[in-house]
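These notes are about the structure you will find just below.
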Amino acid sequence: MANKIKVAVIGASGYAGLELVRLLVRHPGCELAALTSLEYPGRPFSQIFPALAGLVDLPFSQDPAPSMIGTAADVVFTAVPHQTAMGMIPAFLAQGCKVVDLSADFRFRDISVYEQWYQEHTAPELNAEAVYGLPELHRDEVRRTRLVGNPGCYPTGVILGLAPLAQAGLLVPDSVIADCKSGASGAGRQALLGISFCEVNDGFRAYKVLEHRHTPEMEQELSLLAGTPVNVTFTPHLVPMSRGILGTLYANLTEPRTEADLRELYAKFYQGHPFVRLRGPGSLPDTRDVRGANFCDLALRVDQRGRRVIVISAIDNLTKGAAGQAVQNFNLMMGLPETLGLETPPFLP
Amino acid sequence: MANKIKVAVIGASGYAGLELVRLLVRHPGCELAALTSLEYPGRPFSQIFPALAGLVDLPFSQDPAPSMIGTAADVVFTAVPHQTAMGMIPAFLAQGCKVVDLSADFRFRDISVYEQWYQEHTAPELNAEAVYGLPELHRDEVRRTRLVGNPGCYPTGVILGLAPLAQAGLLVPDSVIADCKSGASGAGRQALLGISFCEVNDGFRAYKVLEHRHTPEMEQELSLLAGTPVNVTFTPHLVPMSRGILGTLYANLTEPRTEADLRELYAKFYQGHPFVRLRGPGSLPDTRDVRGANFCDLALRVDQRGRRVIVISAIDNLTKGAAGQAVQNFNLMMGLPETLGLETPPFLP
Amino acid sequence: MANKIKVAVIGASGYAGLELVRLLVRHPGCELAALTSLEYPGRPFSQIFPALAGLVDLPFSQDPAPSMIGTAADVVFTAVPHQTAMGMIPAFLAQGCKVVDLSADFRFRDISVYEQWYQEHTAPELNAEAVYGLPELHRDEVRRTRLVGNPGCYPTGVILGLAPLAQAGLLVPDSVIADCKSGASGAGRQALLGISFCEVNDGFRAYKVLEHRHTPEMEQELSLLAGTPVNVTFTPHLVPMSRGILGTLYANLTEPRTEADLRELYAKFYQGHPFVRLRGPGSLPDTRDVRGANFCDLALRVDQRGRRVIVISAIDNLTKGAAGQAVQNFNLMMGLPETLGLETPPFLP
Amino acid sequence: MANKIKVAVIGASGYAGLELVRLLVRHPGCELAALTSLEYPGRPFSQIFPALAGLVDLPFSQDPAPSMIGTAADVVFTAVPHQTAMGMIPAFLAQGCKVVDLSADFRFRDISVYEQWYQEHTAPELNAEAVYGLPELHRDEVRRTRLVGNPGCYPTGVILGLAPLAQAGLLVPDSVIADCKSGASGAGRQALLGISFCEVNDGFRAYKVLEHRHTPEMEQELSLLAGTPVNVTFTPHLVPMSRGILGTLYANLTEPRTEADLRELYAKFYQGHPFVRLRGPGSLPDTRDVRGANFCDLALRVDQRGRRVIVISAIDNLTKGAAGQAVQNFNLMMGLPETLGLETPPFLP
């Protein structure tokens, strides 16, 4: 155990934090050094989550002060709300920790975009060095940074679904529509009437249409790839399931392409990226096929005589959309194999 | 409309209250005069429940004082927590209203039992005249009373399932086990972590084993029928579904009986009771078959050479287990046909 | 009972047929004269569907010959697969029955479109007189016809969602995207691995992308309204729920409009149509709010400085998307009030 | 890879077979040598189960003859229906393989019991050497055998729940009731109307009451432990979830005991058995807490002044109830650590 990297999870009683623990407890390169939770300080983790009895013996830290955590851990995962995250991360970094932040606080290159959609940024000097932790786009920067802004769940699926087109200059900039459907764990582990069982079961609805804060993240990365501003019409929906996001992405193409053309483009773009899988011809992604795994499954269809593309993208919002991607970033930051601790097959049926 | 009975629903924003509105809005013998909700005073009912837009035009009362409600309505349905109910019911009665109380406050003949399981009773003088509103057992008393204590959801299914055996002296008193499984609406329309979608979906658990407050209700009615104290070992469980209770009831018989014997006993007992249906031989109840309807479906099996019976009982916890039964009691109290407004078929699939 | 219209349901053991029975059994203007099912001839309906025990006493017809049915009934609802439907409908009409056909056989004005997506049409002479039974568009024709082609479930939601825009000339013809999500009952009451519980539960997937047979129906009606060919990029998805379709519809506008402009346009278009409800500002449809009811709930949002509209449309696929709409057509054909038998509130929670 | 044990999974396209693949693909001590499926011979495993694309490269065997498989593998897991299993297992054994049989064919000591509940036994000579593979009861025999009859899902939870009481002579033999609730995967990966999504979703029902073939397995093992015949009244139910079995077990005690007494008894009995977890006082099992893991979680309650016990037992029917237990048996048979390949935490939320 002596050589293992010591990690802390801040906010380990939320769903993203729990998923981090589920993954890290079996990760051969690290050791859980501290878990924190505002709600359960001092209580055994396995009392709150009896599923992990016998597997996680730590209690939630009695004293979750950043200085304490920063001393105990080499790497800190912050799975807390935005604003809270940037309040504590400077202290972790000052103590020499590396940080993977699952909040939105360090995802934006342009602080004014962040401030327009969220609130005032209190650590702008750190923002400049933060890396947007989508390894399929920024693997080398992730390897070199001490601070990763781990992407949002919806943006992960949407950006991976459209990146090859954006980079190839094939996207008509104002034509992009992201119609996304998420399981209820995306709303977090919370007592809210709107996500109580009877309000979600056997129903389906859109929410926050045109107002969701994940929009500017998608636009930032797609614009960067395209070299020109890309707007995204983004419609999130709630599915009566626990995990998973399916994105059905529509865009007009600047030049006609066949499905075969695009398959080749995608295959090339994602070569060497173990977590992106292109479905075979005739096959379509299902969120069940990536459940609990770090994969992003993609399929392509072409309509309107090659002028419109439909990309379908499936991830697990808690894994590739949050904790799994955070572990992938951790592996890269620490010089470990990118897939370490992330090899468990999807959970079926 | 002039001849219609004016009714008020107190607590119309909970699930039992909502079910009352769903049933009463189409009931040909009554008219909704007032709806109250502590959370939404003055707001349109259909703004909170857009499902009923165009069907219910009333707002939640701005002034929900009992005196106000009591003046506006001939009959009041109280769908509020115990203790709150007995705090307001005396005022309704004093104004000449009849009351169907869906709380536990007027369900117990013996106030000391109520006080042992709940708290001090603040209207003991009214308790004496209240009728336990299970019409299949107390139809005539219901017809004559002005105050019904509407049964709990679990007790409705359990008592109807065992009543013929209890009355026939066939139950071994300390052998009764009620293993019951309920949908999540039984927990009410609340913001609680434990009933949030991800904490219920794809799981199954028992809760409040041997501690559930519905136990003494079952024991009261079965003991009354048996003429001797009957104990019930009661285990409630939570099913990942919205509505329905299935009770699997076990008891030893004082004398051996065949399934055919018992079918005859039950058929006789429930003759003339339109809401109890005995499943045909070989057939078993499903909560889906009573969803949204006021039925209690029953099936019987005999084990151990006729010495043990298994009764399976299915109701919709919000309909026969709460609002539907309340309407059935309302019909009886007002001299209307027992099934009026309750003829809609179960909701399938 | 003498004056009630006698109706037959052909294919009453499928989900659409079952929904017809659920609605018709309480319809004050008609009487169930015959029910047929290829699988259960001669068996009591309530043995196959115990939910309806005591409510439907008919057996499935022993002899389901069209001549027999045609004699027994004034109106016939055919809820059988396409091709089968057009095989029997001529006989029903020849015996003087009116017919509401829930299959695709009489939905297309242009038989060549039908033949391209389905197969050879065997009753082309009848097709000419058939009316596409979307009463919000063709109410008067429905009133006068003896043969209604009842719309498909997806087209109902999509066409109602876009009709006002199409008629106003606001739709950019090649910009229309219909991203639709359906509950599993859309696949019918069948033994299929792909819709078994474990293959649907806790998952979400697209299917038949760009290949679904409901596409030409949408295009037919929108083109007719627009007076110019409208193409629809249609992507159906499967939601782990039993009932409901939510359509998220995207289109570019020929001229910029505000949300308020469009709300006014829709309000006018649907004035006098009791089953289309426009959600209030800030509110969004949920399939739960129309469950079991004949409503189509709509909401509007405007993006891209007024150049793109998002319409969200919710129906119950079995009710407004099939059996409810069939009853609405039946009412119109028989001169009954349009809403008769369809007033039951949505089923919540 | 040279030292890894070569394993074959016969019937790898059912849910138990799929779960075996999910577990074995990450098991450090073995290598998948062959997968068979009657339905998909010659097709890539990952084409049928795209979830495992990139993780399992094998096709389903083109030639699944026992002789072929027996040559390729050291250990064979048979996940096929009873009768089929005993038809092929003699050939595997003759070729020197060890066999873990997930069917019922080798679970019964007394062949006449098997023949009464199933059909004629065609390999009675092998039955004598087969070991009932519940390692918590028969670990040493499992270590020494070449043929394990892997227990049924329901019996695993019920026997583990009652074994300490049976062995201690505390069970009143004719008082045992096992009220069990299973997810739909227990019915297998099949196209059956009764387990289609809409027939299971939002419903709950009992099935095969007093007729389920798992009854004699429970009785065999509990009788053996008790040293006297124990009868079990067994009622299985179907829960609208994919995985998991919760057993609520009732028995009268021969002598009064407190909950603390019984906790001590259980703790002692299961000492050294890593997969049985006793929940802390006040805590109750949830199938979610064992999902995808090999645990059996237990809780105890005592009623009727110490004369009746309620044991609640949770397992994942596909893991501890089938494939996980098979891997546990495999580990023991091959001299590997009992938990190898089974350390992945339960899958939450």
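Which chain is which? They are A, B, C and D, in the order written, and residues in each are numbered from 1.
Note that in this section a residue touches a chain if its C-beta (ideal position, glycine included) is under 8 Å from a C-beta of that chain, and two chains touch if they have at least 3 such contacts.
Predicted, not measured: the structure shown is a model, and the values here were computed from it.
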Required minimum of steps from chain A to chain D, each step between chains that touch: 1
Most distant chain from chain A by Cα centroid: B
Pair with more cross-chain C-beta pairs in contact, given B-D and B-C: B-D
Euclidean distance of C-alpha centroids - chain B vs chain D, Å: 39
Between chain A and chain B, centroid-to-centroid distance (C-alpha), Å: 46
Rounded Å distance between chain B and chain C, as computed from the means of their C-alpha atoms: 36
Chain D residues counted as touching two or more neighbouring chains: 15, 183, 185, 189, 198-199, 201-202, 240-243, 286, 288, 291, 349
List of chain D residues in touch with chain B within their complex: 174, 177, 179, 181, 183, 198-199, 201-207, 209-210, 231, 233, 235, 237, 239-244, 246, 248, 250, 284-288, 291, 301, 303-304, 308, 310, 312, 314, 349
Sites on chain B touched by chain C in the complex: 15, 18, 22, 25-26, 47, 49-55, 185, 189, 201-202, 242-243, 274, 277, 279-280, 283, 286, 288-293, 297, 343-349
Residues of chain A defined as touching chain B within the complex: 15, 183-185, 189-193, 195-202, 240-242
